[in-house]
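Next come the structures, one after another.
Shared chain: subunit A. Partners: subunit B in the first complex, subunit C in the second.
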Partner chain A sequence: MVNLQPYTDPMYFIILLLALLPLAIALYFGKRLSWYEVIVSLVFIFLMFNGKKYHEGYAIILFMIWQWLLVWAYTLYRKKSNNTVVFYVATILAIVPLFLVKLAPVAHWTHVSTLLGFLGISYLTFRSVGMILETRDGAIKEFNPWLFLRFMLFMPSISSGPIDRYRRFVKDITTVPDREKYLGMLEKAVWYFFLGFLYKFVLSHILGTLLLPRFESLAILSASVHHGWSWWLVPVMYTYGLDLFFDFAGYSLFAVATSYVMGVELPMNFDKPFLAKNLKDFWNRWHITLSFWFRDYIFMRLVFMMMKKKWFKSRLTTSNIAYIINMLIMGFWHGLHWYYIAYGLFHGVGLVINDAWLRFKKKHKVPHNKFTEVFAIFVTFNVVMVSFLLFSGFLDKLWFK
Partner chain B sequence: MKKRGLWWIFGPVIVAFALVMALLLAPFSLIHITQKSTRDSSVSFSKNIFKGEAVKMAAFNDKSERYVPFFGSSELLRLDTMHPSMLAAKYQRNYQPFLLGQAGTESLTHYLGMQEMTPALHKKQAVFIVSQQWFTKKNTKVFFPEFYSPLQTVDWLTHIKQITPTDRFIAQRLLQQKQIKDSTFYNHMIIKISDNKPLSKTDINLLRFRHRVLLREDQLFSNFSRSENWSKHVEPATKKLPAEDNYSLLSQEAERTGARETTNNPFQVKNSFYKYRVKMRLKQLAGSQEKFDYRQSDEYADFQAVLAEFAKQHTDVLFIIQPVNQRWSDYTGLRKNMYYQSVDKVKKQLRSQGFNNIADFSHDGGKNYFMQDTIHMGWQGWVAADKRIKPFLQNGYQPTDYHINNNYLSRDWQNLMPTTKNLNQFK
Partner chain C sequence: MAVKEEVIEILNTIIGEDINDQLDDDFFDSGLLDSMATVELLLDLESKFDIQAPVSEFNRDEWNTPNKVIAKVESLIG
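Right, the complex of A and B next:
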């Protein structure tokens, strides 16, 4: 039986676009074929999780039933009452499957991974947790089982985002863009597909498949004579960091382009992150839907809670603590390994320093011109690259394996 | 924004696809391979060239130079002064090796590689260097993915007229590999071969189409891999070699070079190799090879597939059995008895099927400067090999008389413990 992993080879794109053709033609003529869209999505999701990956198929069904009941139950409850404890319990229950799947490899629970794990569990969890939080806020008032499923299982972004927001998504999916707008979306879709091809199949291939393994083996070879250090770590760092970007940005472009063909304006995930002028700017440009999710649902809420409860006197301490907790949680989310957690801590501390510097700059009238901007971009880029080297886990392999 | 129609958006895409298809399917060759680039590629070890067909066939069809395929593995990379490529170039012999192999190439990879160069093997000569290290019990195919070439697989499939036991065996071997398992296209056809069912007309047509596209890709991309080995290694070496093609002079030069380049260790291992690959782990490596065993391995059956292909093409082959560095194997505790038994097993497989051109150096690993490092032939080793290679290739093609025994594909043979008695009994 055919198993189709999203956006992996030319055949996938041909099959995908042929399958979406009736949908696109209908949109062009001002109709949205909801049923057809759902069937195509389900077929593609099925082809992702069939064959040897059948256990992931069962896991996603189990997961969806769980989240569906949870969000439904919470919405019903929220209409009547608004107890904080209930809200926390609901959020924790929504995170439990993801938490177990992340814990499983460290605790060596292989059966948990096979039972609950599937490609994309993180991204689906983000979506449903987001819905619970917005229901708590009163922004989402009704539970529509049909729209919930379409939101959660929106095919283009099911495996690795971008992470959309429910209310935004529903607005798109329940309307039809007019012809001019849809043509504009198609034009962008073509551009994004081809840019994605360049990123993922050319640049990421050169960096990740051709260069990186060579640099890594040279680094390992030379580090074994030089107490764990080697100049080869420098090319390892840059190739890994750039590959990470081109691979993920390429994938995200495919997801966005596909959603445009389906008449949905999925948000973009990257905005020239390596041109960021400081770390804060970087997080506004890198994996945007994730970092905004963390900003809105973790950072802001933490700050708000800490201010309300007056844990710290100064607003500065509050925001600094919130930065570090926020980034640490992101680190833990990547996986329970020291290097992911160190990566989170690195960025948390980095943001604190970044903030301090910005305040210092304001106060002391530090010169600002074209040259300092280029310098800022250069420094930010290199700081980010160092953090990606940490993130890659290569140091773990080099030193502890 | 200016109003744009569908044609504006999709026109360029359609044109681009049409151009790519035209490029891939154009019925004429798009490259010109010069004699210099052929010479460079004969010592390039480029993976693209190894996996491809265009450059290799251009070399074997070269009118001005007779390129002979040298199959082997990592020893071919040891481009020292007495390497076969250097000797042939220096003394303007009537042949020039085309080196096919590098670290990790074993029989299965060579079998597939031979599929795309059958005209170069048919009633022609070849040299095949065997390393006992191929014949390990487990993980014999770890490097296979690196050298896997869809083009070769297509060549193999299209060459099958009547499904032979070798074809079925190769099919089963390939079906264990991830690249094949994951590809619906190949998986489906190779399962047919493994089930002894001929391919359909559609299959053949699909294969022809695929071959055309892959060959074009090969023509376009394998030319990219430039190698400077010829100018960096072969040319300087030819300046160092004695002017006259004379074995006592060559041997003296080999002795001198060997002595000069193995000064930092007692194993007569080349200095650079010792420094980077051995020195820091020297203590851990003592006795590290006591458990090595080359006597039972599925590699014996893969090797049989290679022999069957040589027989099918009536190729006149010289087999070279490479020794191990005895000083090193004594230190690491490689069992001599085990090693010689595995050599006997290879030789039995060769002799009993009529492959009688065997240069067995397995007993020479202790001679001075015979090895360049732990398991690869070097200076004196290459001179000794040349004493067999030169007459073999200069005499030219001799008609062959091989008689293939398919029992050598069996598990019984793969797992046979090669005691003298067992080897004599195996039929």
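Right, the complex of A and C next:
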């Protein structure tokens, strides 16, 4: 049976572009073939979960019915009333499937993973929770089942983002870009596809498939005789970190390029993250749609609540606590393993230190020139690489397995 | 005091410098306003003008310059 995993082999791209061709021609002539777009999305999602992965196909249907009912019910409720408890219950219910799927491997519930898990569940959960939060705020007023399904099941970004926002997405799919703009988007799409090929099929292949396994086995071998430490951890760290970037950025470029062909301006996910001058700057450049989702829906809401209810006297305490909670939740979201949570904590504390440093710099005359800037980029890069080594779970394998 | 002056005063206090000569400058790009300061701004506007400006209504592209903030506040009051 045919199973097509998104953006994995040359055949996928050929089939994808052929399927999108009628859509592109129509957009060029100022028409949007909504029905055709939905059918293409559904067919590709079906192919993703066809064959051996059929159980994931059932899981996504189950998930969609659940979220559909939930967002619908909450919107209906919100028109009449606005109780905070109901809002929390709705949010928790939206997260429950993802939570169970993340808990399953730790609790050894294989049947739960099979029943509820599917590729992309985390990303779909973000979309749905985002809608509930905006409905709570009154930014989304109506539940439109058709637009809801199109938003949730937009094929280019279904497996791993970028995470779009409902109102932004709806603006795009209910209009048609003018010809000049659309041609500009196609031009960008071509460039992104080729850059993605370079990232994912050349660089990530060299780093992740050819080099990383060798460094890892060397590190394991040498650590077994040197009390868990090995200098091979250094190349493991850099290779893993760079591979993580090229693999994910390559994938994201494909998703954005595909959505541009479909006349939708999906937001970009990366902006030269390794040129970041500090950790805060890094999070404005790395996995941007995730980090901005956390900024807008968790960090800012948390700060808003803490400041309004005056939980802490100082603004500083408020922001520091919000940083740590924010990044810890991000850690937990990655999975319930110690190294993901440690990764979250690392970045939370990192942001607190970073903020303190920025304040210090503002108060005192710290020299600032080209050299210090390069040094700042170098330090940030290395701090980030250490955090990725933690994130990789390799230390877990090295020390506890 | 007119809405404009009051908004500018709030912005001056939060940012810590006089923004009268940069009313059309993007304060997110320049780094003058971060997420923390943004929340402070929303809370101050809320209490001063008795308007509701929830965080998710807050679209950065519509709030990124002092003049845009003034326009937003005026539309929310009116």
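By our rule, the second predicted complex is superposed on the first by the 401 of 401 C-alpha atoms of A that agree within 3 Å, B and C clash if a C-alpha of one lies under 4 Å from a C-alpha of the other, contacts with A are read in each partner's own complex, and residues count from 1 in each chain.
By definition in this document, a contact is a pair of C-beta atoms (placed from the backbone, for glycine too) under 8 Å apart; a residue touches a chain by one contact, two chains touch by 3 or more.
This structure is a prediction, so every number in the text was calculated from the model and none was measured.
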Contacts for A:134 in the overlay, against subunit B (first) and subunit C (second): which applies, first, second, both or neither?
second
> With the two structures laid over each other on chain A, which partner does A:221 touch: subunit B (first), subunit C (second), both, or neither?
Replying inline: first
Would you check which partner chain A:343 touches, where first means subunit B only, second means subunit C only, and both and neither mean what they say? neither
Partner touching more residues of subunit A, subunit B vs subunit C, is chain C
Applying the document's definition of touch, where does A:187 land relative to subunit B and subunit C: first, second, both, or neither?
first
Query = Thinking of the overlay built on chain A, is A:308 touched by subunit B (first), by subunit C (second), by both, or by neither?
reply = second
Subunit A positions within both the subunit B interface and the subunit C interface are none
Counting only contacts in the complex, subunit B reaches subunit A at residues 1, 3-6, 8-10, 13, 184, 276, 280
Per the touch rule above, subunit A residues touching subunit B in the complex are 2, 28, 180, 183-184, 186-187, 190, 221, 224-225
Contacts from subunit C onto subunit A in the complex sit at residues 34-36, 38-40, 42-43, 52, 54-58
Subunit C partner, complex, touching residues on subunit A are 133-134, 137-139, 280, 295-297, 299-301, 303-304, 307-308, 315, 318-319
